Amino acid sequence: MSEERMSVIVTTIASLLFPFIFIFSFYVIMHGHLTPGGGFQGGAIGASAIVMLIVAYGAREVYKKASDEKLSIFESVGGLLFVLVGILGFILAASFLSNFLVGEPIFGNIPPFGSNPGELNSGGILPLLNIAVGMKVIGGLASVVLIMALAGGEKK
Amino acid sequence: MLRTTGGYWDPVLWIIGFIVIAIIAYIIRGFGRKDYKGGEQLKPYLSGVEEPSKEEVHIRAGNIYWGFMEALKGYYDAMMKIHTGIINDYIAWFVGISALLFIAVFLVEVI
Amino acid sequence: MFEIGLILLSIFMVATAIIAVWFKDLLASTISLAAMSLLLSLYFYMLHAPDVAIAEAGVGACITTALLVITIKNTERMEEEGGEEE
Amino acid sequence: MNPFMIALVLVLVSVAIAIIRVLLGPTVPDRVVGLDTINTLVIAGMLLFGAAYKEIIYVDVAIVYALLSYITTLYIAKYLQGGKL
Amino acid sequence: MIYNIPFYTVVALILIGLYAMLFKRNLIKIAIGLTILESGVNLFLITLGYRKEGVAPIYTNLPSGIDVPDKMVLPVPQALTLTSIVIGVAVLALVLSITMMIYRHYGTLDSRKVRRLKE
Amino acid sequence: MKKAIIFVVFAAFLFFAAYEIHPFGELDDSRMDDYIIENAQNETAANNVVTSVVFDYRGYDTLGEATVLFTAIAGALVVLRRVKNE
Amino acid sequence: MLAFIASAVFCFVIWLLLTFNGRMWGTDEIVAGIVMACIAGYISRKIFIKDFKLANPKRWLMILAYLPRFFYEMAKANFDVAYRVLTGRIKPGIVKIAPDLKSDLAITTLANSITLTPGTLSVDVDEEKNLYVHWINVKDEVLEKMPRDYKPICSTFPEWARRIGE
Amino acid sequence: MNVDWLLEHSPALIIVLPLLAAFLTPIIDKFSKKARNAFVIAVLIIEEILVIFLAHDVFTNGIHIYTMGAANPTETVPAQAAVPIRIVLEVDGMSIFMALISATVSLAAAIYSLAYIEEEKGKGKFYTLLLLVLVGMLGMELTGDMFNMFVFLEVLSIACAALIAYRSHFGDSVEGAFKFLIISSIAALFVLFAIALLYAQYDLLNIAALASAINYTHLDKIALVLLIAAFAMKCGAVPMHFWTPDAYSVAPSSITAMLVAASQASLYALFRVCFTLYGVTLNLATIGAVIIIFGLLSMFVGVTMAIPQKDIKRLMAYHAISQTGYMLLGVGVGLYLLTKPEFSSYGIKAMEGGIFHIINHAMYKGLLFLTAGAIYYRLKTRNLNEMGGLGHSMKYTSIFFIIGALAIAGIPPFNGFASKLLIYEAAYKVSPILSIIAMLVSILTLASFVKVFHSAFMGPKIHDVEEVPKSMLAGMAVLTFVIILFGLFPGWVVSNIVHPAAQALADQAAYIQAVLGG
Amino acid sequence: MMWEIIYIFLGIGVAFNMLGSLGLIRFPDVYTRLHAGTKCTTFGSIFICFAIIAYGLWRWYDGEKEMISLAIHTFFAMIAILLTNPTGAHAIARAAHRSGVKPARAVVDDLEAKEGEND
């Protein structure tokens, strides 16, 4: 147990940073259509938070809270969400992945041309796709690191 | 009916022809002497030695076409030498072929 | 100034890449690879591609290194002697 | 001439010195120290570049690096101190 | 052309990666070479999209004095690079997990010894 | 030795490509990107043109990219499944 | 439940700071912030909140009072290191100090502070929360008695850490 | 949901349906194993029907265009822009022809797998990956965009690598997967580099638009070389074939059958680059010659290396290389002759032969690999020396094997003969030596399959085994049915399926016009 | 006036950064290098952050409303540096000591004595 954990200083700092990294990752995901970032970037940051916990507390302890099966189901749900949004494009509008939310009340505001401070309520389906990809990437990258750490931990 | 540039190929006709020839052969076989069918005549003659049973003469895969490979020994040695099974060599072949193709494509323009 | 920065960064990146390939100690190679990824991210950033820079940062700063270190932990750290042919 | 840009180039020169430590460092911890230094310097460089071009939104990248770069250090440290990963 | 320094950097990175994959026998070293090669290609895509004195193609809080589209770097190569980076991570994860399994079965990472399949 | 020769030839052609390409920062042609930069805000309602390229204009690529990630992770889980279950 | 609320509020405050761009926040930002803060708070509730000591505003004041002092020490440390870089005059050693701190937060504060302040670097911490410090300029009088006196090594930081963390 | 709507959206649906199924499979797997199997098979059958449906339309009405995310799916170029902006799916005769192959082989492999892998763990992931292989192949074949092709190439190679390593408790299995993955990644990275070189000059990614803009500068030549080398390596042409036997021999047999189809997807990409992107009108006699040389080498080296093999799947893998050589020869001859106007009718015939051989090869080589898997399933060995006498107990398997072996050796009346006949005739126009070598290779192929048949199925009964389960036989029967069908009616197949495909490949102008209009 | 403050901050920051990396070269062993690498670069980077925060607040005061966000984000980066850098340094020092790197020219080593007791 104490072998797997790092020293108390590292674990404390990791605990302190964990919510901060997570909220920052959500910020990057949600503001993907306004500031640099987006689903993949935010997802990688969020996965890094879990990777940090793996190194600070040990893979076994993380596995108790979030097993790789759960994480990969989470990932599948993200992928499904992406495809479903695309298929809604068939049904509600013209073609696959077409941006059917532009001009609608949710995420539908069209920003003025040129430099502007940006508004969260714009972008059509882009925020939805960002969230889908974000879920997918968090689940995927975290689960792959977790399973590799676990596979190594059981040797000898 | 598949038309090629020189002629045509029709498997249905081919099968019909095959069957017709087979029937003709069977008929011709019917003209043969009855007492030669099923008897000593059908057995192979191995210098008077008794034919060994099928179980004993089954040749294993490693020995089939031994002579063929022995005849082409030089070629096979060269081939076995380049099939090293090392990943680096695989990549090297890719790079080498690309380099050759570069030279080929650029030389055509020069000439 | 911008050009000088780019030239410096180019040199650094090539240097770190060479170091990463040259070391026999795979852990040191990993460290050098992390440094290269860091500088690559700065390069992206200076070429006005912040989106890509964030992606490279998120991936190169921890996930690549984490994967490599875990693999080295489960295999062996040193490259074999005579690792280079000819 | 933009002062931030000059500072950026000077910071890059410091990065060069840190890379020498990564190259020379007799043991792996020495190299990690070099990497850690490069991390901090690159964060500073990113902040400076964002300020130099008055690009507010660029600063997010620096925050990402500041938050994540030490995870690399932690992994290598955990490898070095032995035990399970 | 002397001003093509970023392109030469790209080619240098690609060649370093390729060198590692051609001459290094260690499988993890090959994976490292693959990563370097991929970084080179990513950098190439980004350098293609650069436009002199351009800014990032993001309209939020642009610095003043930008006329569209002559002063924005190209967005498409950045999108392609994003895709390429993700693919790189995916490939790296799979390569390394396979490498772990190879070590389990063979007890070595030397590519000269990992050749049960040959001829 | 043979490897070194082919490597050098290959390198020469890549450097030739770097020499032939347009000068850094001065584009030959940018029709597609200019169209995207001008119309992205109007067509996709997003300020970040890169995101609108990633998810709208080339959204199908992103779907493929997500699939690559999914595939690789499923692959890693498959490859390591026995080790974990032991 | 309380842990969830506390971490969600923390996340929400950070969200508000991150999205502030000179004008008031729009409704969309606030709504998204609440949702995201709830999710992040739910995920991190068991990791972030070990106890509720930091919810006490007195400790926040203490941190604010601590910062200038810390900053001053830090500046001093840097000139010290600069001096040693330029002259190369060092006399290093690893010494053990027993600051008698119980909570994780306090020991973390202390360790990080002494890492950033003159001539010291925390190397290890054991189960009894004793710190092992790498000291760049060892004074001989400290070495004589075994439970080391921590005054010359890290001045009054343990007191500050106790006030903040315990 | 009427027929027109379905027809309009079918290019996208064909790709999205297996993708959706791939994402759903892990979730369904949590609840019930039987439901998962039924779901996968149902999806693949629907997929096959959709592909046939679209194929019928493409063969009657011509090229099908679908623009992803546009307001109107057939509008490729927006009003103010001069070039295509969004990703365009472009389905012409050749694409849909390849898609037919992929869907059929996948269906057979999935049915076969139901029994074949039942002892393994992690079957949910197996079917997910199988569906993703199908997605990769279809994505590569239906797309009209270079970068998109790269992305799906990666999907394909990663999914294949994961499946090759599926039996990770065998050392050689992971070794083969490693080699395959490294080779694929390098090839894909150089493809990306070539795409970037093209993008640098023309600022385009669409194949049709690039084809209309290309003017064969030095950079274009470098890109062409990289693309040809990379795709030739991916499809296993000699002398870059070394990964092929390694990967084919260790994969589960149903996956090997799909790997054949996957290699042919790369072959398709190679042909697409040579014919459509660079065009026959450019000075491509060199490229034709290069491809003919690749083909000759592949044919000869493949078949001669196959003869001494002792591992049944390695032997078949070398035959796969050899048969790929036939395809390269046929299409290369076509490319070579199309540049000479007086011979262009021969060129089309040669291409028909090569393309017909693609589908034939996928079917009979898939069948042969499945029979090899059946042998492995019962004996747990791939070594030919340890086999013998299986004809006594595994009657259906041996019948299927005979059919496959006769077809691959080009014995009439099976389908292999028809395509080889076309290739012989056209190659004779270029040089008689080509035809002679091709016939010689055909004879050697027969010889080595006689070896396999002799050592596996004939001889004394030394193993006490039973016939394989029904679902495996069903998988083989699907492919056998197709082989006999194609063998009996080659004329119909060539004039209705293969000729449009060859015509589509040769007709660059129509491909460009479908996207750019006018 | 404001520019001068920024210049001073930048000057201090850059000077300390360079000093830190110089120390990295000059010092004899890992622990002393950590002193240089951690303290000096953290301090220098914080001063650079101060310069940028000052710049952002100044522009904000002058009426460019969105520049406040530059200051806030830089502040976050500064906090992150302040939290993570010493932790990383601690982790390295601990790992180095456990992996057997002994401090050079050390006059006293309590930790080694303690580890000796345990064995």
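In this document, chain identifiers A, B, C, D, E, F, G, H and I correspond to the written order of the chains, with residue numbering beginning at 1 in each.
The definition used in the following text is that contacts are C-beta pairs under 8 Å (C-beta built on N, C-alpha and C of every residue); 3 or more make two chains touch, one makes a residue touch a chain.
Fair warning: this is a prediction, and the values are worked out from it, not measured in the lab.
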Between subunit B and subunit I, how many steps is the shortest route if every step has to go to a touching chain?
3
Return the chains shared as contacts by subunit B and subunit F, ordered by label.
E, H
Which chain's centre, taken as the mean of its Cα atoms, is farthest from the centre of subunit A?
B
Of A-C and E-H, pair with higher C-beta contact tally:
E-H
How far is the middle of subunit F from the middle of subunit H, if each middle is the mean of its Cα atoms, in Å?
25
Averaging C-alpha coordinates per chain, one finds the centres of subunit A and subunit F separated by a number of Å equal to 21
Return the distance between the CA-based centres of subunit C and subunit G, expressed in whole Å.
31
Subunit D, residues touching no fewer than two other chains
13, 15, 28, 32, 34, 54-58, 60-61, 63-64, 67-69, 71, 74-79, 81, 85
Which subunit I residues touch at least two other chains?
20, 22, 34, 38, 42, 66-67, 69, 73, 76, 80, 83-85, 87, 89-91, 94
Note: subunit A residues in touch with at least two other chains are 6-7, 9-10, 13, 16-17, 20, 24, 28, 34-38, 40-41, 45, 48, 51-52, 55, 72, 76, 79, 83, 86, 96-97, 99, 111, 116-118, 137, 141, 144, 148-149, 151-152
Would you tell me which residues of subunit D are touching subunit A in their complex?
57-58, 60-61, 63-64, 67-68, 71, 74-75, 77-78, 81, 83-85
Touching residues of subunit D toward subunit I in the complex: what are they?
3-4, 7, 10-11, 13-15, 17-18, 20-21, 27-30, 32-34, 36-37, 40-41, 43-44, 47-48, 50-51, 54, 56, 59-60, 62-63, 66-67, 69-70, 73-74, 76-82
Subunit D-facing residues of subunit E, complex
55-56, 58, 60-61, 63
For the subunit D and subunit E complex, residues of the former touching the latter:
53-58
Tell me, which parts of subunit C touch subunit A in their complex?
50-51, 53-55, 58-59, 61-63, 66-67, 70-71, 73-74
